[in-house]
Amino acid sequence: MAEDAHTHDNQPTQESHAEHTGHPTPMTYFKVAMILSIITAIEVAIFYVEDLGHGIIPILVVLSVAKFALVAMFYMHLRYDAKLFTGFFVGGLILALTIGIALLGLFRFFG
Amino acid sequence: MNSSRRRSTRLWAALLPILAIPLLAACYPDNPQSTFDAVGPVAKSQLNLFYWIFWAAVFVFVVVGGILMWITLRFRRKPGDPDPAQTHGNTPLEIGWTIAPALVLVVIAVPTVLTIFDNLNSPDPDALTIDVVGHQWWFEFRYPHPDGNGDAVVTANELHIPVGEVVNVNLDSKDVLHSFWIPKLAGKVDLVPGNENFMWIQADEPGEYLGQCAEFCGEAHALMKFRVVAESRSEFDAWLTAEAAPAQDPVDPLAQQGKALFEGGKAQCWSCHTVAGSSKSRGQTGPDLTHVWNRGHIAAGVIENNQRNLRQWIEDPQSIKQGTIMFRDAKIYSDPERKLTDADVAALVAYLQTLK
Amino acid sequence: MTTLSIPVPSRPVHPTGVWGWITTIDHKRIGILYGVTAFIMFITGGLEALYMRAQLARPDQELVSPEVFNQLFTMHATTMIFLAIMPMGAAFFNYIIPLQIGARDVAFPRLNAFSYWTFLGGALILKLSWFFGGAPNAGWFGYAPITGIQYNPGHGIDFWAMSLQVLGIASLAAAFNFIVTIINMRAPGMSLMRMPLFTWMTLITSFLLVLAFPVITVALIELMFDRFFGMNFFVPAKGANPLLWQHLFWIFGHPEVYILILPAMGIVSEIIPTFSKKPLFGYPVVVLSGAVIGFMGWMVWSHHMFTVGLGPVANSVFALTTMAIAVPTGVKIFNWMGTMWGGSISFKTPMLFALGFIWLFIIGGLSGVMHSSAASDAQQQDTYFVVAHIHYVLFGGSIMALLAGTYYWFPKVTGRMMNETLGKINFWLVFISMNITFFPMHFIGLDGMPRRIYRYSSEYGWDFWNLVASIGAFALAFAILVFMINVIRSAMKGEKASADPWDGRTLEWSIPSPTPEYNFAQIPTVRGIDPFWAQKRERVPVAPVAGGSGEDDAHSIHLPQPSYWPFLASIGLFIGAYGLVYYQSIVGMTAGILGLALTIVSVYAWSFEPVNDPEEEH
Amino acid sequence: MAQAAATQHGEHEETTTGLNHRKLLMWAFLGSDCMFFGSLIATYVVYQGKSKVGPFPEDVFSIPVTSVSTFVLLMSSMSMVLAYAALTRGKMKAFRIWILSTAIMGMTFIGFQVFEFRDFANYEVHIDCAHLDVEKLTEFEKTFADQCADGVEEFEEQHGLTPRTNLFGTTFFTLTGFHGAHVTLGVIWLLSIAFHSFRGGVRPETNLDVDLAALYWHFVDVVWIVIFTVVYLFGVFPGI
């Protein structure tokens, strides 16, 4: 492994691997961006519908989770990349979420 | 000391005599804060639960430790031993020793949960309810006025309760965290500023029970003590009536001089202490002194309440309780011009002795 | 090579002496630095403990003022947890993990050096507080609101918080490094389920670190913002709930105690098979139980808060989850016993310490189960009973295992054996005096003695057992002195060690003692658990693999080269954090800014520095 | 440290899992950062509605403004991913355009945040006594309504929201401030990559450097998705 060999021998293995598994095209990214914008618009619109009251909360949660998942799956390539990456990220995410909900419960319902 | 302990001791005595004796003999139920001498229902339920878990733990220790000891003796290497068989595991065995501890845990989990729910709700929500407020480093106790007029009867560091009755206790703190603990009556509950907590206590026998702050609360944490005096209902009622009365103006000239000093600009005791009946002494940061001479101890239960100790406490509180807020805040200790003379101290003590 | 032309001092080339240590990025040297530093910190924490035990030996003594006593117990706990046990674990991670997985270094050697120097900086920030501005005095748990500026106007808490932040950076960097190293740098054939147990426990510990430290980081940020900028996170008068601190602290703090004990369990899981000449009994179950312990560590944090008034439902839930942790812990103990069963047990010093670990950990575990019962714990919470429990698991557990590990791997590190006679004396002294010190604390706890009180009066009846505990503490100090003598004496003139003095089972015993700089002349291929044992007994050849340079000649192995930047980045963090404690003064603020600037510049330069300098000839 | 490592291909390119060391580290870091933001968000949520004095979220929030900045950040994620896609295909010019536009959108977002912070700090209660409709006032404004009794037509009072004002200010500024700090770091990172690319330092073969920056950037974006919903949209429902 010569020191100066790095310019050609390192990265692409993984990327070419990704290409084979149907790497998304810029068009995919653009479509995702459109969906994200539409969801955000819906969120803001729902926000101004006063009749929903607290019913707004589950709707907004679902919409935000959808946005979150779209960015993570497409822009962060989790859909195409190694499962281990998803494991690292989702592991932290689920733990943070669980603990957040547990804290909310402890403060609101038992506190 | 109580029947259930004797019962469980008899039960296990045949099985585990060797371990039981030294372990339990090392704890002294006679000690003033021993958890082994439970005198109230809460402490008793906690003690029974403790014994139950303790014997389960002793059982586990004897079994596991016995096997471990046997293994280490039996399988010692002897010269010329060949390599042992390279066994990698035994699934039924492993499943077995996963389930076994789980079963032991069920045995302690059920009474644990039952006791948690038993102890949390007061058996008598309408009974006497006392507010306990933690301060650095003393306890304030507030009783409902015997006349039912809404004013609280305020005292400090000496909690009187009627014997054999449920007493509900609301717990709050003025500054940092504290914890309210009378080992012989009940396990501790913390005093958390802004989060009112609740517990209930009951003393089954008359007497004086020692308590102590159990949550670290700063410099004088070690000396934040209090006493619970459990007395008959009539004694308690008489005590509460006396506490509810305002202080009498002193007649003795020295005490009158002391009162003037107490409420004057030099000593400024009034700015922190309340003496009910006095128009000036309405301070809230220090203990209420309306009936201070009736209390058995001063300085949050650290020293006996007598003339000599009172004198020392006023002259040099640091020598009794390092870190006390009175020493930090009162100008008589920091401003040389306002330092009290011996005569001043004598007058103040004389005044405090009239507050009964 | 690099397109950026910042004026970089020429990188260190084959530095020797002190510079060699400062610029080193060799995992073995970093491991030694961690170990030595942590042991020095252990001594300072021990002296703090001795001072407290002297004060408590008799009732109503006045050897120390209450204020100093509060600083002593705060510093003792913070030191032992963050500056002694955790970095001792890191010392073993650093030295042993690459050897056990058949690697030549860790994944990020310079990040590794950065971790060590940052740890040292954090340690100095904490320890120097004794001399500059007063040590922290609110306990290692620092419960709000006593840490607030209103109740604690001095700089002690600032030093404590800053130090923990810096130590957090060090721990996170190290944990990321070990996660990547263990996942990505295993020798060919070493699947996850063929990894040695110590490597497994290190991996789980690293995940716990990575997930737990951000929580304490946030809690400390909130505390510092309260103190520095007058924010309201923990100010009850503004509606804040002081329990938030306790929750955040223990969400971190409970995984943290597993961070302290899992490496210990890993060490014991290496030693017991070696000295029983048997493979670990039920390897997959032991791995799984470690993972379950790590996972369940997140579900029990409120058992530290049984008396704060969470209500019966929360208390019951946390009591049950806590009890459940006893199952995987018990499983580990049974599997160790299963390993010894039918074995050929040799009672060399490492094995004695490992057995001592099991005995003491059983006691600590059982008293832990007692605490899990929320109702009866109301009597034990914040008493000496808890002090006894944590010392049985942290001293009887972690420290015993770390001592075992030191005796076990010492020949690999130094090439010399530790003295066996002194070792046995050392073990019995530690074991006996440890029990004399900590067992009586169970009694005085149940007799109603609260923790963290600087004095007690005779009427409470705690005199006798306190005196016994104090005598035990001084005996324990003597036992540690014997250990030090043994280490120094053995390092200088101990018997020369062979490559495989214990008839070991894992890869680190397949290479010479002391470890050569490149670790493995040939990267081995692994065909099962205990690969070295298999190689020795079954004559399975360890096929050389085209790893690393692909050449068999050790002299042509290219190792990562020393660097100044990790050291400078850490120095910057140290100066910056120290300065920020005094942010209100011009000097402090300037130091803070300059320090952080030095860190940023160093990291930037570091990122443009190649691992191997092309100019360098080998 | 990022593009840095372009040169730092290290000796273990053949890793056990086939995954790159640095990318593995980045994902472990993002998992860890989830806990960081999780703790900050949890703090915000448990204190929601617990402030003793105003102003409260419904007084200061302007959903239309924040929606715009949210949109900008979402779009920056798109341009980031397009930059990366361009790089892997060797389209250097497109790459530079997209990465610069990402950085610019990031700066725009920060600009919005600075504007918002200043706006909150200068918040004034404005009561139009002449057309007073108590029902439409926020809880905080209602506490001023009785000042109309003196026959004043309208009045304004400065009640700026700062981190010291109340729990809302403390938790809001800390949470969004740390998010803003993450964005700022990301912008600096992207600009260094852009700068580096103009000097020929970024090539399709070293796209990992850009990949890592992109992962970080998208993460900052998803954190904002959560903050926008939990802090802003739920902000008007105290006591959730």
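We call the chains A, B, C and D, going by the order they appear; numbering starts again at 1 in every chain.
The definition used in the following text is that a contact is a pair of C-beta atoms (placed from the backbone, for glycine too) under 8 Å apart; a residue touches a chain by one contact, two chains touch by 3 or more.
All figures in this text were calculated on a predicted structure; none of them were measured in a lab.
*Asks:* Find the most central chain, measuring centrality by the gap between its CA centroid and the centroid of all protein CA atoms shown.
*Replies:* Central chain is C.
*Asks:* Return the chain pair with more inter-chain C-beta contacts, choosing between C-D and A-C.
*Replies:* Most contacts of the two pairs: C-D.
*Asks:* With chain centres taken as the means of their Cα atoms, state the distance from chain A to chain C in Å.
*Replies:* So the centre of chain A lies 35 Å away from the centre of chain C.
*Asks:* Taking each chain's centre as its mean C-alpha position, how far apart are chain A and chain D in Å?
*Replies:* A distance of 16 Å separates the two centres.
*Asks:* Mind checking the centre-to-centre distance between chain B and chain D? Centres are C-alpha means, answer in whole Å.
*Replies:* 49
*Asks:* What are the residue numbers in chain D that touch two or more other chains?
*Replies:* In chain D, 7, 9, 11, 17, 19, 24, 28, 31-33, 35, 38-39, 46 touch at least two other chains.
*Asks:* Give me the residue numbers in chain B that touch at least two other chains, ranges are fine.
*Replies:* In chain B, residues 195 touch at least two other chains, as defined above.
*Asks:* Indicate the residues of chain A shared as contacts by at least two other chains.
*Replies:* In chain A, residues 1, 84, 91-92, 95, 99, 103, 107, 111 touch at least two other chains, as defined above.
*Asks:* What chain pairs are in touch here?
*Replies:* A-C, A-D, B-C, C-D
*Asks:* Which residues of chain A touch chain C in the complex?
*Replies:* It comes out as residues 1, 3-4, 84, 91-92, 95, 98-99, 103, 106-107, 110-111.
*Asks:* Where on chain D does chain A make contact in their complex?
*Replies:* Listed in rising order, the residues are 6-7, 9, 11, 13, 17-20, 23-24, 27-28, 30-35, 37-39, 41-42, 45-46, 63-64, 67, 70-71, 74-75, 77-78, 80-82, 85-86, 88, 203-208, 214-215, 218-219, 221-222, 225-226, 228-229, 233-234, 237, 240.
*Asks:* Quick check on the complex: what are the chain C residues that touch chain B?
*Replies:* Residues 65-67, 70, 138-139, 143, 145-146, 151, 236, 239-243, 276-279, 281-285, 307-309, 311-312, 315-316, 319-320, 323-324, 326-327, 330-331, 333-335, 337-338, 340-347, 355, 358-359, 362-363, 366-367, 369-370, 372-383, 440, 443, 446-456, 459-462, 465, 537.
*Asks:* In the complex of these two chains, what residues of chain B are touching chain C?
*Replies:* Checking each residue of chain B against chain C gives 26-28, 30-36, 43, 45-47, 49-50, 53-54, 57, 60-61, 64-65, 67-68, 71-72, 75-78, 81-90, 93-94, 97-98, 100-102, 105, 108-109, 112-113, 115-120, 136, 171, 175-177, 179, 181, 183, 186-190, 192-195, 197-198, 210, 212-223, 322-323.
*Asks:* Once bound in the complex, which stretches of chain D touch chain C?
*Replies:* 1-5, 7-12, 14-17, 19, 21, 24-25, 28-29, 31-33, 35-36, 38-40, 43, 46-47, 50-52, 163-164, 166-167, 169-171, 174, 178, 196, 199-201
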